[in-house]
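Okay, so chain A shows up in both of these, paired with chain B first and chain C after.
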Partner chain A sequence: MIAHSLKGPGRTGKPSAALRKYGTAGLVSLQSRMAYPAAFAGSLLTYGLFVFVFSRIWAALYSGRAEIAGYDRTMMVWYFIVAEIPAFGFGRFYYSLAEDMKSGQVAYLLTRPYGFTAYHFSQALGPALADCLVLALEGILLGLLLGGPFPLTTLTQGAALVLSLLLAGCLQFFLQFAIAMTAFWIEENAAFFWIYQKLALIAGTFLPLEFLPGAASAAARWTPFPYLSWAPARIAVAWDSREALLLLAAQAAWTAAAALLCRAVFAAGRGKITANGG
Partner chain B sequence: MNRPRTGRPAAYLRFLAAAFTANLQAVVEYRISFLIQVFGMMLNNAAFAAFWAVLIARTGSVGGYGFTDVMVIWALTSTSFGIAHVLWGNVRSLGSIIQRGELDVYLLQPKDPFVNVLASRTIVSAWGDLAYGYLVLAFLPGTGPERLALFTLLALGGAVIFAAVFSAAESLTFFLGNAGPLSQAVTEFLISFSLYPETIFDSGMRWIFYTILPSGFIAFVPLAVYRSLDWPLVPVLLGVAAVYAGGAYGLFRAGLRRYESGNQMGTRL
Partner chain C sequence: MPVITVENLSKTFRTRVRSEGLGASLRALIRPEWRTVQAVREVSFSVEEGEVVAFLGPNGAGKSTTIKMLTGILTPDSGGARVLGLEPSRDRTRLAMGIGAVFGQKSQLWFHLPPSDSFRLLGAIYEIPAPELARRRAELVERFGIGPYMDVPVRKLSLGERIRCEIAASLLHAPRVLFLDEPTIGLDVVVKREIRALLADLRAREGVTIFLTSHDIGDIEKICKRAIIIHHGAVVVDESMKTLKHRALARKYIGVKYAAPADLELPGLAPVKRTEDAASFVVDTRKHNLQEVIRALVDRGEVLDLTVEDEPLEDIIAEVFRGRSEEEARGAARAGGEAES
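== the complex of A and B ==
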């Protein structure tokens, strides 16, 4: 059977029903993640090790210096702790999406009574949020041990940080979804994801944008990459309510643009699905 | 219980060469996937080079290490790690092979099961790690034939140490039932400590780098040897690598006495 017109039922209806449906998908996915607490061990270990090693790098770097590019040592330790939370928690959606594409699972999922993108979004975000929460708790402990005083001083700053992390998670999902969907045209698309990952690391995860040379820093601000990690980390360690508003607005704009991109890529690619019955 | 099979070294070298050729033929069958993984891994490593370039451009050095020093330890660690996983691709799967009872098929074959199981697979992305070290050297000042030869010997020693430590951690499965988390921790720590300047770590913890997590023999001492072209230290480092390999082999043999067959039918083609 050639299924060029796989549309699937159940993609319209009341918003409250859709919310319940995708909320349930996210919750089930979250519950299955929580059923195996040992599965958190790997990311906790790697995250903790990274934070420790980078805290040592900052200690060596700041020996004899009070600040570099507007950041002192304590700020850098907390910056890295916050910047790595979305990188670890939201950074691996691509793999399950790509697997669905390569295994042909996509054809099966399209016939189910839910929207393909929305279903994946809810299913991916549920457990990722649990990961982020656990990493944040570990990060706070490590930050107090290795860095210095907790950088959040007001509830507004805390709320802005949480919102920024959520937007970073959504932006990560939509960008990774768009990359995974390129498998409609190029099956071996992992290289695109690796390039994306490395650009994200350089543009604000390992180091604040302010560390980059002027032109590179200015160019990076016109891409979505700094809004994956730099924006929340900046809100956490260098609080300025006006700048935070601008960062949140830029994150929201990039998230909307990425959602549109992912919708367009999926719409263009789904016509290429060929399903054999059985 | 089978006895150690200590055949002639030349026969084992021929066996390793044959295993390498068979593994290589298998991976290049999927050329696009092979190339993507190789270049992807090199790209992955290059991102860290960008990080160090930015950081050291601001400060001149980190813990006394300049950009060239950091790149040399990256090159050494990357190529050592790559060689270990290209030649002995099962070093980090040994535990699950033991757990699933899949050692049976190797025990029935004439070659030593430790060497046989490790060499029966290659990791595709490790080719990228292997090549990355040489790529870095090509961009560093002062690289010539002598340094390339020295680098290759140092990386071979590092590869043996990587393989020994990883396989020893995996062999603990014989004793613990599931050594997966422990092995993962050893892997993460050994790689991470080998990629950053030794001097950023407190002197109180540096003894670890010369014992259970021997980053010192993979990266830090080889860096000093590479910098000063200190050839007399090369045999010493290779001897240290042989000691680690002997320890890993001894642990595997000790564990093998506790191994129970999975009664699993298996073939190797």
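== the complex of A and C ==
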């Protein structure tokens, strides 16, 4: 019998143990994603096609105009490239979570000594980060070909963009997790995710927030949706250190709020778990 | 010292029901109908450290629901349970460190990766230090004979190979209590025998308490020392396998084959199966003297073969379920009659 079991049930609670636990979950999940490298091809192809089509649309829209709502054509090409990275890379957590809920797999995951949300977070983020990295490389290549030089020039600016993309990924996860967990009360919750996707699309993924009418743009800033894509894209194409700091702070605040919401939804719904069979 | 104590544990589910047809679907949108199912009702028992207990019952009896409450997956509506001194629904993560669970129809291994990766992840999840993990893994790999499968993606393993890996994975953290929910479901006879031998060995070597649900009587006969039978959510039998098997002494299965066609009519005892020169009898030893029945059969002709067997455990358990259902039906009829009068 191994030594730790003699001490009886209990966790060490050490940060290093948690890091190993959730880090390994992320890595193993990444390995599983990489078992089929061809799976990357689908999103690479769709992303590339979207960027190309929209770069042509912007070219037509900007013929004879220097800028619209403060964005010139090059900015718009790079905006779309950056805004679509979190949408493609982090935008599909809901599906696997909802599947776990519907299949009853969620119940079986509860027999392990980990934080349920933290485990799902690490498991989802591992492969999503790999997706984002591959998409970013493709995006940079396409941006240089179709738009012009990369707008950020310093390490600080690059680090701010990476941080903003990471926060966008975390926010995406927590919001989608909260939506998926509504299945504790509502059998079919796909409609909520559909609404979420559309709100995210119009509040910064498809077009910059500045393109919306004044009142709509102002209202959107009080919701988490612009911080999923608009914030990193804005940092990338219209660098202003003060604005970047404010955007990062807003992203961090929304991420923390969404994480708390997840905890609350899971705690409230856990008692409602029913498992098939029995 | 008991490692599992269950007192008046109850769980009710509310299931949405939909009648057939488009009209019913539309009505269900406005006024959904729900059915309440009492999956477990006031179940009580305790399990001592190192015991191997079979938790039996027909489909829908409440076996898996009980296991899910004992592992912290489901929260009971009323009553209480303690496993290793902890309340499963409240101390889920702490309890998880001391228990292992294998659900025969759900995999804990990553489907596209070899089991070695799942073992590495489980080692991290259970916070097992690296050297200890390597030693324990090597020990389990050898004992379960899974060395050749450790680097093969799980999707390419046969069901038997996968289940062996699943059970080994659930033992990585050396749990004190192992919950097995239908571990041999879908396995062939040879693999079932191997799994049973491994479980018996595990009990002998590590003193692990095993709580097993199964439909397979072979699993129960070979490895369990005690049986708890649950029916319609309530415990109907809780006794040692020895006592349960003693019920078999009341009935004997006799098979006889003669060299030539023989007269097989015995006074007050009809054969359950017969041909011209062979027959099978079920003898209730409370009504018939076994020795006299055998003597009568031997006197009927030249005997080529004669077998006397105990009643199979499967039949005894089926009899318990049947008796319980009839009792419930009689109770319901009585209640109905009283209500009418």
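We take it that the second predicted complex is superposed on the first by the 262 of 278 C-alpha atoms of A that agree within 3 Å, B and C clash if a C-alpha of one lies under 4 Å from a C-alpha of the other, contacts with A are read in each partner's own complex, and residues count from 1 in each chain.
The working rule: a contact is a pair of C-beta atoms (placed from the backbone, for glycine too) under 8 Å apart; a residue touches a chain by one contact, two chains touch by 3 or more.
Since we're looking at a predicted model, the values are computed, not measured.
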### Query
In the superposed arrangement, which partner chain does A:Ala17 touch: chain B (first), chain C (second), both, or neither?
second
### Query
On chain A, which partner's contacts cover more residues, chain B's or chain C's?
C
### Contacts of A:Val28 with chain B and chain C, given as first, second, both or neither
second
### Message
Contacts for A:Thr111 in the overlay, against chain B (first) and chain C (second): which applies, first, second, both or neither?
### Response
second
### Message
Per the contact definition in the header, classify A:Val53: touching chain B only (first), chain C only (second), both, or neither.
### Response
first
### Task
Using the superposition on chain A described above, determine whether A:Leu207 touches chain B (first), chain C (second), both, or neither.
first
### Task
Report, in rising order, the residues of chain A that make contact with chain B in one complex and with chain C in the other.
none
### Summary
The answer for chain A against chain C in the complex is residues 1-5, 8-12, 17, 20-21, 23-25, 28, 31-32, 35-36, 105, 107-108, 110-115, 187, 270-271, 273-275, 277-278
### Task
Over in the complex, which chain A residues touch chain B? Could you list them?
38, 41-42, 45-46, 49-50, 53, 56-57, 59-61, 65, 68-69, 188, 190-191, 194-195, 197-198, 201-202, 206-207, 211-213
## Note on the structure
In their shared complex, chain A is touched by residues of chain C numbered 13, 16, 39, 60, 62-66, 68, 71-75, 84-86, 89, 91-99, 101, 103, 105-106, 108, 110-113, 117-118, 120-121, 124-129, 132, 135-136, 153, 173-176, 206
### Task
Under the touch definition given earlier, write down the residues of chain B that touch chain A in their complex.
32-33, 36-37, 39-40, 43-44, 46-47, 50-51, 54-55, 57-59, 62-63, 181, 184-185, 188-189, 192-193, 196-197, 199-201
